[in-house]
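Below are structures written as structure tokens.
In the two complexes below, chain A is the common chain; its partner is chain B in one and chain C in the other.
Presenting the complex of A and B:
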């Protein structure tokens, strides 16, 4: 054994661990019985079973498969033609085209996504499945062409001449010589294109419209409701598929062996099956009734997992319609999507401050109060909100507070002030939201100021406070503090009530408090978009969601308070009495709405950046 | 004529091949041989001139409609097809009925001694076997002309010599008309009925191998078809029936040449002799032979015969070749010798 090889093995071993460790952990936890915490509570397959019953995920999977199959076929045909055509060109022109082909691979994918979106909007093409497929074809063509060209260049040009010399026409040369020799590379290219399409996020994100939510988009949008172990299971499955495809592709390209015909037929069959499965479930996402295709379709654009599937099914049955759900992960994403000209969505769920912006930008349709009898049964304090006092454009749907989740096993006396977050006893066991307005809001309230302050000196002082706090903070996160709380990694979490309530279910010692200095109150509102194709149906949908019984079920499921007064009466006692879900009404005067701070937002931006950089 | 850009690859090439003849185009690389072959196969078109097979012009006829088949230098066997499928390819393209294909492929494989290996892939065959497949794939179509592009270049020396014999016998047995391109003069001479020597896009001499070797039309042909021992000089006056040849180098004695005519007197020329025409002696030999003194520089033993490099004057190195068994083996480097030859043997080339 050569000296030094032990060190070499160690280094490469560490590198492998670095690369594959996280993936291994993800796969492992897809079998973890615990819901939120990282603690191991025994092995189970229940998440895989749950996956099979999650309609939203299955619909997204169907979309992903359909897009992947169709775009792969398109890109393979076009890319193949380009590769073959280039073989016959003079060297210099080949180089020019090659440069052009590589460009889409090297420019940032964001740019490609944005430019494709602008292009489609300019052509007045409604964003949807078609545009996503076209987008995927665009980025897959270079991949296919380059892979096929590598193979073509390795082929002896004399082979084609030999075939022609033996009497083959150009078509026969292609059919009997070029194509069979190209086949391993062709299959390799198909598998890679399929994988890339299946995994793509950015281009899909920009080119997707109503009814085109793919798996990656879906997973990303689940951040708000928390990444569930189902996602681990789904990722594990995707991982297996992707790795199989890529592995097979590499194998086919490295070995010059021809693929056995039986295997090829199986491949074609499997591929078609995937496409068919995708197109079937993508077209009729509800149980396929006889009139499924002629039914009106309502497009609901919402946060991930923001409505129970059985509620949607009930509405579909009652109204004889189909509901297609697309998801976004932030208010900013929702706004960007609508501003970029995505049309086709009927109902959306922006948060309070975003409603104000959307009204300003004329993105919303006026509501017809006659159609919304249930919308008048609101909690008294939600009936006239500052951004839409007469409820001309929006109906408050779910609401809640921002406060502190803490572990009463570690902190026995209930904290009642934000100052607990500065307590050095809990150094490294505190998490803060990764949201500049919320973080500054908490400090400003603890300083006795409004969280919507525009005074530079006040903001500066708040920043100093936060810098002082920073060494105590384990992490700034908006999406997995429920897990951190449940696993005991943090004992104090600045966050929304709903996730804290979820953590309580896992770790009963978790409590929630809204500090006495005051905190944020928020409301997500139902709105009808100005470009909605189904305005009347949209009204009926909103009215349905606000039905006390439906609203109560939603509230129980999501662990957020319903804006409907009657729903509060219907939810179970444990939900109603949980301050993390239903803020006690006697605390209402502590709460403040987040408002647009105008140009002062720059002060916040700068202070936030300084905080994060230090 | 064929031009590649500004380079004229083949210029004023004109030749005729008889039915059943093995015709070789011999020349160094870059001579334009391959261009000629590609024009015959139809991969390139002549810029001027015409090309006839059995009296029919082939201009504008694509490769797949020409009654010729090419055996590629790289063999260009289809790697994804078996030996049988490779050989059957041409018949299949011409939609020959399957039973006939089977029969003809078997015949062809028998001819190249590959029967029993029809299920192998080309990658599973040795170089010699691949070369036979390539040959069978061409001749199974019974083409009017089989074109061979450096057919044996990829084989090692021993296999190459075996295949030369075999290729020739297959050609004779099947009565094939072959046009073969090669840069290997020995190969061309052993296999061909006639050879065309090509250089710089032109054909310098066409004829049977022996004629080319013994009476090359110029120094290039002479040098290309074997070793040419040369001595520049000037043709002088009559001495009896013969003429005087005065070497340029004054140290050398004047010689006699048998073949020069009267009008060539006074012209510069080069005297050329083949190694096997030279004899060596320690003592000055009989006066009937032409003699040059020299000194042995190197002795190269090559099995059946031995090569002697002999320095003539300052800057000439001649090669003589003797059978190894002869008692001349005792010649050692550094020894002074006399090289001598019959008056009728030397050949003169004028500039």
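Presenting the complex of A and C:
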């Protein structure tokens, strides 16, 4: 293409720029001194230093790489067989199968994950790395087949026949005719499968067993405690290593040319990746030594970074056990996973409304109060909660409120009412939670109603209010309003106290208020699962987490209030006095627990969808 | 292997006719209420909007991806795998982190706005983040490589002599593209469009983060029903409708693709 090649090169260059623009930004921000801010706050290497000590993150990366490499190989072989087999079929059959191959791409990932998991549970296969790899092979097969078909459909069958006429065996035809012709499509398929596998979240979540956490599982689960620039540092590091691998394989390929060069280059590259996975998992292993194998293992299912690594190490030392942490990123995911029969987890941390559901579904084990002396040191108002008044199944762990975070530099007089979120002066500078119950809850309270109302007319009226508010709202988000507040992108944020407290640490003019009309109170609770293999150890773990000194440290770290009243006495004054972390006790009577509204959920759901589509 | 696809499919189908228990969970009594609920114009709007976003994304991916695939396929053979890797490398970073990077780029005083203002294209910063434009940018970014790879595979196979011959016969640039290159690379185009269109119609993180969750795509709706409201029957009904629509679109696409087969097709 002699003519037009300048134009082609130009567009290609632009496309590459487009691909690498955000990558440049994320590498740059791995050196950003600020934890949350989207603005630049000076250079630092601290995220790289933190990364080197984050064993859990490195282990998750190693898992991800291993799963991606193995499942890519598996899917490429199987997908290749399917694609080759299809070539021999009549055209109509091919079209039917082609349609069938597209289907798995359309099946919602949740369903794919849940049904695969049900399948493995039915077969009595313990969930772990193997099941994740199988799951990834399943969703990668259609991708590989579609890629290979793009090549095979234009392949001249006469080539293979000619080779056969010349006395080639069918293996030789495949090896020396079909394979070389397929090679570009094979690279493509391998790259697509590897990439999709590396970044998959939902199928991985459901097919993973205790101890098989991958990088995406970890990152998505950080939503509650905030995604740190450590992830950027890790990404930058992986990028540099990948680039080095590319260079290395190029270099090696120049030396010996006996093997088909292109495939070999690819092979060397993936070999490097496997080596990387190995070295990461070596770094990621806990330094407990060789006795570690024989120790009992406790499986803790929680939010990412919900407990400090040094606290876990302390428990491991004290009890001579190993603690393996797995993560989830929403209560509903936790429920779906346990309901489908996933076992092996001992202790989990569901939120209040989910504890109620889990008790109903018989997923929890009764607690042995004798083993839990620290659980009696609870704040008075948390001692008997509506979903478990005698604390037979759950121990409140962390709690807090929903309110408004605001920038006092822009809004000098402290707002005391939800109505500030309807103030046109702040158009485009307001963020709301992306959570239908919380958003409706705020409006319902401001209307003097219960946030658990099931009255269609009341919900309809609340929807009208929200429609009126929508033009003022910049974004509905439950996961990055701390960043938006810290970088001044919004000046009013409807949200949980903890993230607002995180934003305060970076922008001191941020304040938090629970409006006078009332708001949500929540509590995350420690529970022991009915299927827990280590029930006694689980009790001791819960008791340990509730130890005033340990609970106080957790509270300071996460910026959520501990349910232990002794911990409140032990935390630093700046934490205790911060209303975003420790709700003032004189405000307790304006708080309300979110409850399951039964069938009325459809009213909320429809109203929410209408709000979004307006 | 087919079992792995058929089981989820059957499950979606069966659940779509069940109903939600009072406190979540699935009650197995036959009802078509979920589908009747979906007749509300609200859901038609969501589907229509999602189809529009996904089509736009596919078209832009094609316009950006074809030249890139062409240039790679025409570069020296030993460099081709390297270029392909370079196209794919950005996607080995976590999706959430990449999306956050786009938020940094697109925000009010982000790099993008500084750039266009420095160029003097606009005087005031554009509102880019949390708009439909941002959603489409995010979707194109997310799926561009899935267009480039199949196209590369197809173009690599394209005999340059055929293109040369067309030039020699004084075909216009447009005619060369439409009548020679396009028909000959059709399998790659079909593959690429499927690999971009289907995932983008079901995406839910991009519309939430870059679109500010101010609107819903069908992927958001499905995700919302399954993992927020725990209304699996309604979620399954939505999924099934989506599957039917996508399958119909793909079938139509294949049919039109095989009808307009070029002269070189019948080997």
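Couple of notes before you dig in:
One rule holds for everything that comes next: the second predicted complex is superposed on the first by the 425 of 614 C-alpha atoms of A that agree within 3 Å, B and C clash if a C-alpha of one lies under 4 Å from a C-alpha of the other, contacts with A are read in each partner's own complex, and residues count from 1 in each chain.
In this text, a residue touches a chain if its C-beta (ideal position, glycine included) is under 8 Å from a C-beta of that chain, and two chains touch if they have at least 3 such contacts.
Note that this is a predicted model, so its numbers are computed, not measured.
When both complexes are overlaid on chain A, the residue A:584 reaches neither chain B nor chain C.
More chain A residues lie in contact with C than with the other chain of the pair chain B and chain C. Once chain A of one complex is fitted onto chain A of the other, the partner contacts of A:168 are limited to chain B, with no touch recorded for chain C. Within the superposed three-chain model, A:180 lies in touch with chain B and out of touch with chain C [touch as defined at top]. By the touch criterion defined above, A:508 lies against neither chain B nor chain C after alignment on the C-alpha atoms of chain A. Of the two partner chains, chain B and chain C are each touched by A:156. Contacts of A:85 after superposition on the shared chain: neither chain B nor chain C is touched. Shared contact residues of chain A with chain B and chain C: 156.
If you check the complex, the residues on chain A that touch chain B are 156, 158-159, 161-169, 172, 176-177, 180-181, 256, 258. Residues 1-2, 4-5, 7-9, 11-12, 20, 22-25, 40, 42, 45-46, 63-65, 67-68, 70-72, 74, 77-78, 80-82, 84-98, 100-105, 107-111, 127, 130, 141, 144-146, 148-150, 152-154, 156-157, 160, 163, 167, 173, 184, 187-188, 190-191, 194-195, 198-199, 202, 208-209, 212-216, 220-231, 235-236, 239, 242-243, 246-247, 250-251, 254, 267 of chain C are the ones that touch chain A when the two sit in their complex. Only residues 41-43, 62-65, 68-70, 72, 74, 76-80, 89-90, 93-94, 137, 141 of chain B touch chain A when the two sit together in their complex.
Interface residues of chain A, counted against chain C in their complex, comprise 1-4, 7-9, 11-12, 14-16, 18-23, 25-26, 29, 38-39, 78, 82, 95, 98-100, 102-112, 114-116, 118-119, 138, 141, 143, 146-147, 149-151, 153-154, 156, 184-185, 187-188, 191-192, 194-195, 198-199, 201, 215-216, 219-220, 227, 231-232, 235, 238-239, 242-243, 246, 250, 253, 261-262, 265-266, 269, 330, 332-333, 335-336, 339, 357, 360-361, 428, 434-436, 470, 473-477, 480, 487, 489, 596, 598-599, 601-602, 605-606, 609-610, 612-613.
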